[in-house]
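Chain lettering (A, B, C and D) follows the sequence in which the chains are written, and residue indices restart at 1 in each chain.
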Amino acid sequence: MCAIVGIYGNENAARLASVALFAMQHRGQEATGISSSCNGKIYTKKDRGLVTEVFTDEALKYLKGNMAIGHNRYSTAGGDSILDAQPVYAKYKLGEISIVHNGNLINKDEVRQDLIDKGAIFQTGMDTENLIHLIAKNTKDRLRDRIKEALNRTIGAYCFIVQSRSKQFVIRDRYGIRPLSIGKLKSGGYIVASETCAFDLVGAEFIRDVRPGEMLILAEGCEPESIQLFEPEYRPCAFEFVYFARPDSVIDGKNVYVTRENMGKALALNDKDKNIKVDMVIPVPDSGVPAALGYAAQSGIPFEYGIIRNHYIGRTFIEPTQEMRDLKVRMKLSPMKSLIEGKSLLVIDDSIVRGTTSKRIVKILKEAGAKEVHFRVASPEIKFPCYYGIDTPHKEELISNNMNKEEVCKYIEADSLEYLSVDDLVNAIGNDRNYALESFNGDYFVKA
Amino acid sequence: MCAIVGIYGNENAARLASVALFAMQHRGQEATGISSSCNGKIYTKKDRGLVTEVFTDEALKYLKGNMAIGHNRYSTAGGDSILDAQPVYAKYKLGEISIVHNGNLINKDEVRQDLIDKGAIFQTGMDTENLIHLIAKNTKDRLRDRIKEALNRTIGAYCFIVQSRSKQFVIRDRYGIRPLSIGKLKSGGYIVASETCAFDLVGAEFIRDVRPGEMLILAEGCEPESIQLFEPEYRPCAFEFVYFARPDSVIDGKNVYVTRENMGKALALNDKDKNIKVDMVIPVPDSGVPAALGYAAQSGIPFEYGIIRNHYIGRTFIEPTQEMRDLKVRMKLSPMKSLIEGKSLLVIDDSIVRGTTSKRIVKILKEAGAKEVHFRVASPEIKFPCYYGIDTPHKEELISNNMNKEEVCKYIEADSLEYLSVDDLVNAIGNDRNYALESFNGDYFVKA
Amino acid sequence: MCAIVGIYGNENAARLASVALFAMQHRGQEATGISSSCNGKIYTKKDRGLVTEVFTDEALKYLKGNMAIGHNRYSTAGGDSILDAQPVYAKYKLGEISIVHNGNLINKDEVRQDLIDKGAIFQTGMDTENLIHLIAKNTKDRLRDRIKEALNRTIGAYCFIVQSRSKQFVIRDRYGIRPLSIGKLKSGGYIVASETCAFDLVGAEFIRDVRPGEMLILAEGCEPESIQLFEPEYRPCAFEFVYFARPDSVIDGKNVYVTRENMGKALALNDKDKNIKVDMVIPVPDSGVPAALGYAAQSGIPFEYGIIRNHYIGRTFIEPTQEMRDLKVRMKLSPMKSLIEGKSLLVIDDSIVRGTTSKRIVKILKEAGAKEVHFRVASPEIKFPCYYGIDTPHKEELISNNMNKEEVCKYIEADSLEYLSVDDLVNAIGNDRNYALESFNGDYFVKA
Amino acid sequence: MCAIVGIYGNENAARLASVALFAMQHRGQEATGISSSCNGKIYTKKDRGLVTEVFTDEALKYLKGNMAIGHNRYSTAGGDSILDAQPVYAKYKLGEISIVHNGNLINKDEVRQDLIDKGAIFQTGMDTENLIHLIAKNTKDRLRDRIKEALNRTIGAYCFIVQSRSKQFVIRDRYGIRPLSIGKLKSGGYIVASETCAFDLVGAEFIRDVRPGEMLILAEGCEPESIQLFEPEYRPCAFEFVYFARPDSVIDGKNVYVTRENMGKALALNDKDKNIKVDMVIPVPDSGVPAALGYAAQSGIPFEYGIIRNHYIGRTFIEPTQEMRDLKVRMKLSPMKSLIEGKSLLVIDDSIVRGTTSKRIVKILKEAGAKEVHFRVASPEIKFPCYYGIDTPHKEELISNNMNKEEVCKYIEADSLEYLSVDDLVNAIGNDRNYALESFNGDYFVKA
């Protein structure tokens, strides 16, 4: 999923980039990196770990200059992930560049094969490497023209920031699938970031979203220059609203938190005539909270914090013995036993992917004494994998690809189960837009 | 503040102790330790760090035996804290013992001086060392008698677990100031822990609270033996309910979460005739949440999650520059700008100690666009330091020792400020009890 | 300077590679890496640190397969050295390859510029990346042919091992500047390594040196296939004998230790008529020991271990205060005060580069009471930087580029100073060969 | 075995103590610690690890004051060694003290039991704790008197430095078994250290050895005050000369390096008529080097560095497979194959304890092609364990307790074996003294 940031024209560029990455840590915790540019030289520091671990004072001192780009990497499988951290840096004909990327290129294998056939080498598994090759192989004189032509070969969901030795080029795909906004730093210069929650922390005023199909060029002494590269066909990703973005971010003018409350309200309206008697509405924390608040507000059923989330987990676990099954889920989520004992619960989670976590949550709630557990999901059934930048499992592992609602309900041992309909989802976010909904309806609109 | 645990009669004693300590990590994050006992030998492992960091598989293998005691240490000042970690182990006349302690001995300096005058040496700053000396210097033949007589010299708020090579002695002071409960492990044996939230995680049934003034003796092949050492004068600490305990714990038969909701309801009732117009009730997360839910339920004003808590902070920070004042608070607590912009807020926190954090919270909310910020505190004014085991600052640093309500309101720049009254606090927890309320009313009832 | 190793046809390939790299740790301590190949997939693990730190059991388990190549990297300047660690891995037209390299390509900038002009990108500062590009851009069907043609563009001192998914290609430049030998593993398969000291540790029989200009191809079920790519013009590096190689290695049939003793003998013969009266011969440990033994044996002057080397230094230092100047040298080298007090010393070091260390050694010996310090250097004056793979400083920093023998003697405050003549050096190693002597005589025989 | 240091009257006290401990790192690598004293408060920092790891700049800043004592701890078995690190600090009747100790108290169990019987508790396994208790339980008004009386109860080999809030008390047992010297710091104040090699590194002039049975008191504004506590019966430990001390130290006026050369010479004289034909004398590095030099000088047989010691081992090892037996010895000691192939060797080690290492050395030398291996040991047969501070194994594990010379020779598969006689050992060190020789002759002269 990842987060990207660019800071341009501020003497604390790397420091501000690190603070912005910290605000977007929820989008990726595996690795993080920053490239700054100073006096015609690009400096890069990237490593495994959290932002606060990697960007020590020493690292930030090394990252000289008044422009910087940064990246948080989402956890992925693989042996030596440090090599797949971003930014990706390269020397090429026009000098040095460094690139950060959020998204997924659906034609990356073809482009890569074509480049390989022409003699390119690939040192990482990142599709970002494709773009660098396309830029490097191009013969135009100006980087902006090379980027343009490279993007003509690039199909997918993407936000790029390309940093040369003196400029930054910010690009968002024509569909605007992944979010990207630009703001003005109170301490001078500009910030571009995946989520607006980064603006608040660094002290920046939101200007606007980067437009679908737009390239913004940040250069010294100029206002940001806007070039519309592609005809926009705006389809922002619904999943950002459902689950991924931080609730205090604003995407496409919509407050993420409010859209989640709306999703909960829609679930409540849908339940209105079902005559389900429950004692309380309980969120699966943290992401289920706004929807549960919405459900409670709409239905009048009390909202209670019936599951506590433990934040001390860290990266290592005490390995459970056979006698301590379910310990890993329990260590993360603790049911509030005395609150829920003997009660009928309406539990709201943001989504069901494989179904295993939902099953365990129902189990620990029932073991804690819940009389009934009615499960509500603040998103539609996920039947299709996402190829636009969200790390979903293979189709076969998606429970809703294999089971219908009744079967899932039985599998997770809930007393009832309801999903948000696709229409309700769209209305909850705002029906002024077509959204990227491929995980729910299989509409893979990005075509090669 | 600290947490203690004892596991008796279970082949996974150390492992279960570590899981219980994990569940009680909120009571202390600086250091942690476990002593197990096996074949007449006591094994101890203690170190700086979180439970999941210290108790690796290797450490747990070292901690052999079917009995174990453990401790989480709250952060304190000092140069070489590892020496002040618990359990405290010693060889003495009757063999080996290891002790864990939660609380504070108010006559520790006199006892220590007296012991020193008689030739004792003290290697740490921990009052736990007092008890070991008193036990060691006693001349009784049985450990239980030595402990009894040692406790006759020991005044304060305390929960001890003393582990010998074959038994555990569990003691709670006559006032029952700090919580301590006993449960039955489903996998065999007993657990004693500061909070019942540990029982749920290890798979234990709550039996009962350890009684004020009681000594429980756990020995092989026997039911726990109960000896009433002191006439009970039950005064459980109100602060456990206000702030310290985990909301899913049950103390003295009271669900902590529910008592916090009650505190919020009382605040709402108190505001009823004040004619304050606010758009939403907002908790300072995480501990202000239940009170805010109670306030919202009572008042009918919508509850909203207007402040996001960031859990990626870790132990290191990106050091802010001069331009980034307030960054440390902001990194931890992010206001939900678009939700609160132009709105009047009723903000609920669990307590005001020095006032600096409250001031910063009001500030960042106003900077995020809040029209009005009405501050509500789910506890009375803290005018007196706690000497019974909670790490409060010196009297002079307590803002309510220096300012009245109106002055504090002005200092934190809130539009209004209300505290919970002491009576309302007592009623919220349950008026069947005298509570330890010394921080609010200066009633230092534990006397030498 | 670096070390490389290849293991082919042994089920413990990565483990043996790690042991061989351990034996060659003296050739590079900054970073280390191994690529193994198994079932058509190449696995790579590389990181900062010593061999024993990086190659944990877990890492070795990840490195599956019965073939592996490895590399130790010499310390260099730069911000994020992990990106410059080897092996270098890439996907290209014929599949996957991984390469390790020891040496220096003198035409790397031209080749790199030419490749960049044709659209290549370079992600590291390593010249190894050149070779991969040349191989990838070639259009031959067989990897061996691509390597051959790539080497036609490659001028310099080099030893490469190229690993594909099923073969290893071992190449040594036509001059054989850097050492490389092949051995037979007693546990099955072959080993290729920079130094024969690795053979002893892994249990391998020396077969022969890889020939200058030779490519050896290791493939399953075959004897190593030898292809003579270039007309050999054997010029092994004299510096390997002087300083770099481990004394128990054999290069070009010459026992390194014995050649160093010979250097010391030549220094003694040269001093014979000088009528210098000294009490003892003292080596600068560890590398000056064999020459000092040779000098003592030839001259009859007693050899004494007058300087102790401290091996506990590690990577961090206690920072000296102003009062503790010279502490860093002293922490590493301690004069044996009571042995040398009032004595005339003949001190032997392997070389003088900048002169600062020699000056400090003379100083601490005199402060320890030495009456006279006669400095002998078991190599000629270093007047020219090495471009063939040894990390020498810039020409201006070489003391013998700026000062003649008398001036250096005065600078280091020695009572006399003698170098080995170039002829004596050649004779000490063996006058059957032309050697690479560019550091001494400026004969840069490798021409573009 | 351990090292101790005291710095008195220097503003960089802790820093100089750390440098001195660094110089004595060979005496103990498991843990290290320093206590400084400043304005009536004692500051202590101790931890597992090497001196350069534990004493960071931050740690040294914490250790304020112009007096400091320090300790290096030798590796021992046990679960949580940090608790057994020194200095040992305690509060007691007269204030605060901190103690470092090198040696072994032979009556420690009786004293400890007696103290325990009187109600003392022991929190560590260190005999240092005994002394603190004896001092604390004493009723004299002055610390010096308490120390005196405490030492009347203390039998064994010991060097103590007791630091109060303003003074240091330096004590050496009546036999002077462990070395201890005092020097004058060039930068002001005094240093007391286990070995004089520490003086050279910190910049101190040797004054004299602390006398057997002496207590030196260092106090502000005074010359060191000397009190002879016990009638001296000087018996310095012969093992310090054989193996433990650094060769550049001077103990009891004897240069350790020279005594080791003498031991080698004695071995050569002893072999004179044996008509053994060997090609070279080879030391087992590092400690066998001076004796081998002495042997070579006496016999005229060439000295060669036939075994290389690898210093990159660190604390972790690549775990050998079954096929790689003997790898651990080989990783540490590499035979110089081409030098020794076909040769008859005379190998000199400092001692044979269990015999296993000697056996492996003979084995790897023979596998490397040695025709004959004649083993010489620069100490007598070790038949008895040391109870005076050297960490020798149990009697049954001492090979010379179980086998005579011929049997040992056969066991280690050497072609001949000779030990130094006890008389030759005494003469090599200096026959002006009685030495502690209990490991060789069982003369346990320290009696309770």
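FYI, contacts are C-beta pairs under 8 Å (C-beta built on N, C-alpha and C of every residue); 3 or more make two chains touch, one makes a residue touch a chain.
Quick caveat, the model's predicted, so the values are computed rather than measured.
Shared contact partners of chain A and chain C: not a single chain qualifies. Of all chains, the one whose mean C-alpha position sits at the greatest distance from that of chain A is D.
In whole angstrom, the spacing between the mean C-alpha positions of chain B and chain D is 48.
Chain C and chain D have CA centres that are 37 Å apart. Averaged C-alpha coordinates give centres for chain A and chain D that are 60 Å from one another. Multi-chain contact residues of chain D, defined as those touching 2 or more other chains: none present. Under the contact rule stated at the top, the pairs of chains that touch are A-B, A-C, B-D, C-D. Residues 43-47, 62, 79-80, 82-83, 88-93, 112, 116-117, 119-123, 132-133, 136-139 of chain D are the ones touching chain B in the complex.
Residues 12, 15, 18-19, 22-23, 25-26, 29, 50-53, 55-57, 60, 187, 197, 200-203, 246-248, 250, 255, 257-258, 289-290, 293, 297, 302-305, 308, 310-314, 316-319, 321, 323-324, 327, 330-331, 334-339, 368 of chain A are the ones that touch chain B when the two sit in their complex.
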